[in-house]
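In what follows, a single structure is set out as structure tokens and then discussed.
Every chain is named by a letter (A, B, C and D) in the order it is written, and numbering of its residues begins at 1.
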Amino acid sequence: MVCTVEIYEKPKLNNPVLIEGLPGIGFVANIATLHLIHELKAKLFAEMHSSAFQDFAITADQGKTRHPVNEFYYYKGRDDERDLILLYGNTQALTTMGQYELCGRTLDVAEELGCNYIITLGGLRRDEKITTPKLYCAASDKEALKDALNMGASILGGQIFGVAGLLVALGKLRGFKGFCLLAETPGFYPDVQAAHTALKPICNMLRLNVSLDRLEVAAEETRKILESFGLLETPLEERRKEESEYRWFV
Amino acid sequence: MVCTVEIYEKPKLNNPVLIEGLPGIGFVANIATLHLIHELKAKLFAEMHSSAFQDFAITADQGKTRHPVNEFYYYKGRDDERDLILLYGNTQALTTMGQYELCGRTLDVAEELGCNYIITLGGLRRDEKITTPKLYCAASDKEALKDALNMGASILGGQIFGVAGLLVALGKLRGFKGFCLLAETPGFYPDVQAAHTALKPICNMLRLNVSLDRLEVAAEETRKILESFGLLETPLEERRKEESEYRWFV
Amino acid sequence: MVCTVEIYEKPKLNNPVLIEGLPGIGFVANIATLHLIHELKAKLFAEMHSSAFQDFAITADQGKTRHPVNEFYYYKGRDDERDLILLYGNTQALTTMGQYELCGRTLDVAEELGCNYIITLGGLRRDEKITTPKLYCAASDKEALKDALNMGASILGGQIFGVAGLLVALGKLRGFKGFCLLAETPGFYPDVQAAHTALKPICNMLRLNVSLDRLEVAAEETRKILESFGLLETPLEERRKEESEYRWFV
Amino acid sequence: MVCTVEIYEKPKLNNPVLIEGLPGIGFVANIATLHLIHELKAKLFAEMHSSAFQDFAITADQGKTRHPVNEFYYYKGRDDERDLILLYGNTQALTTMGQYELCGRTLDVAEELGCNYIITLGGLRRDEKITTPKLYCAASDKEALKDALNMGASILGGQIFGVAGLLVALGKLRGFKGFCLLAETPGFYPDVQAAHTALKPICNMLRLNVSLDRLEVAAEETRKILESFGLLETPLEERRKEESEYRWFV
């Protein structure tokens, strides 16, 4: 595998928090992070490419090609807002080895910018109908767990697949603290309600001055991306299979 | 993966265009590029081998073995014809990582010869009957998109799998411009009509003085290669499965 | 693949024996080795991580994340007890290449500490009901085979998959002696009886002053780990399939 | 992948021919090469190990472990016999990349010993009943093809999977000449008749003073190895599937 990071700018940040926002169950992290990028006008400062991404081009608006990519944005907090590094992208890696490398490079970037706290978001798939999504969490240590429990999250049992789990677990090995916050979702479709449930307490914790009123805009953009992939037309059953094969929406 | 390029000759070219012609849906690119090699008497100057190619030998005419290979040809344009680099071969790589590496090496070769424009060809599979194949395109940028739209192509939505998509998308990251041009095809068989539809406007754009009268010769040669692989005897349903597994004709 | 060993302490050991205790059929090695770590208060001195491990985080007690990991413990024998290196962990590697690398690194660690004898444990799956599990063995050479036969084990025919087999076979190439000892088990569940059957003669051979009375504690802990993975809820048939795919419990 | 060759002795050979004898369809090459090793008392001079081999230990006679391995033997011809390098083993690599690396290392060994001619053997699976197996061939060039046709072989169409095909095809790229000789076989079982058919003209061509009377001994030994793998008990249908998955007997 070859995973490379191209850095356009090296921002000076004050004790930033890394928020992971790659595609996953219900696109919870994807929507939430895109919304933060929109609202905070976060700035793109690095791109990450991996030969473990799918081998295709994606067509974007107006006939332009896009490649599978992960992007890093930063935000310098105003007033008492926390500085942020945002990891956003249109894919995770297709192999476990690719995922390990992706997380390793991400931690390199975070470390270099003085970050020592990681928040990963995600969806927790539920087959039953969800009226109000509940939050679940797992953390690197007691202190970070307390941060997550303070948001009203319950302790999670089981595994957390993909970058959402791996980034916290591998980060812990390198001295990062942090937690993974999952909102209940039926999955398969961009779930704006689950994204809202997860993002709201994060904004409080980091004292981010962000309204969630326009969250639907980020969800709509996410839907459009999926549509351009032809993914929303795929029948559910097949999609389920694709999920496990392609790690595309995990 | 190990992907190596053996260079036999380093041609001096004037702002050449790279045309990709590897096996893919309907063998559109494969036929079109082979025809250009035939008609322009393009010269082989490099071979590319990858450990991500299938691990077999192919038998060619008269009992000789052939290995899976990608070849580079060049053509120095006469009069106002554009100089060309032609990528031709009997396979794509079997893994996404192999495909990324293949495209990387191809861009290295192109870059070294002063090329900054890439045209990839392909088929767009349609289940319905096709009377006159329509053309679709996606491009690296507005300018290249205009080039493709000028050919009467429509804007493509969705993904472009394999080298046809990846080469334009990854090329863009390294400063190449270019587009992917897909002709509608039922796929599965070498489709001379789709190849004709895609190649004709390319010849116009690049002012290539090439008749398409003998295009059937290249299609027939492509059919013979497939036959020697035993591929044309495989029932359609199985072939469909093989396509996704083997990336052999994508 | 990238497999790294982080060494916290370099113990001085006298001709130590390496005991392999990774998850496998019936969790025989896993239970037995955990019990030795408990009873002997063996000390953690190194951790091994591989990008061929599953890409997820595991939740441990009280909401904390754990990563897939292999750990090395040591024990300095008292009186005439043999010095030990214990390899314990919650996973094997997911690919054959990852397994080869894992075994290579393990042999590096063992070699550096002056070890030249390897004992791997495991389960031998039987479909019929097992009243008293029998022991089977395979060894690097005549001498080590005699050690194993002295325990009342019968000679094994067939293959020994995973680290249990590979470590002895690859060790032999590097001058290690040793054997693999398998106890009959229905598999799929942590099998305390099989672990007892395998561990008892090992303790005798190495003159380890260890009671097996609390072996159930290690089995219970192993069950809890599996439960936290959600694995014990998986229907048997599916688990069987997962075994071959995931090499998780081999 | 990591593929290493350990060389025990560097024999001085005079223009030796490399004969490939790894497990494949009908075990034709495996039986034939083992017979040559037996009869000519060929000497082991190198071993090749790859992390693309299966991750298991095999139990050999009397409880000893064996690892997946490829071995190199040499034979210095007497009188006008040709000098030989014999590649024998109990497996091919499990991945295409592993196969490419295996062939690359094999060619390195051959080149270093002054070899420039390769003969690979194999079976050509036929579903109908075979009374007298016919021979088929494919070669690097006209000259080598003539050698093979002189044996009464017909020209082969289609692909030659695995090391038998790849070694000739990749060898050709590095200046080796040679051919692949396939004997018709139902496959799946060590086929002494097919091995006889392929080996006889090879002995003539290389003027090897070898009786084929005891060929059944090599076939029986091959059967025993398969039996110890438990492979001969596997129902045929499943074996067919395993073949494509495991590349074990190709």
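Throughout what follows, contacts are C-beta pairs under 8 Å (C-beta built on N, C-alpha and C of every residue); 3 or more make two chains touch, one makes a residue touch a chain.
All values derive from a computational prediction rather than experimental measurement.
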item: Most distant chain from chain C by Cα centroid; value: B
item: Copies chain B and chain D touch via same or different residues, half shared test; value: different
item: Centre-of-Cα separation between chain D and chain C, whole angstrom; value: 36
item: Rounded Å distance, chain A centre to chain D centre (Cα mean); value: 51
item: Residues within chain C bordering two or more other chains; value: none
item: Set of all touching chain pairs, with the criterion as stated earlier; value: A-B, A-C, B-D, C-D
item: Residue ranges of chain B touching chain A (in the complex, touch as defined); value: 96-97, 99-101, 137-142, 145, 148-149, 155-166, 168-170, 172-173, 180
item: Touching residues (chain side chain A, partner chain B) in the complex; value: 1-2, 49, 51-59, 62-67, 94, 228-230
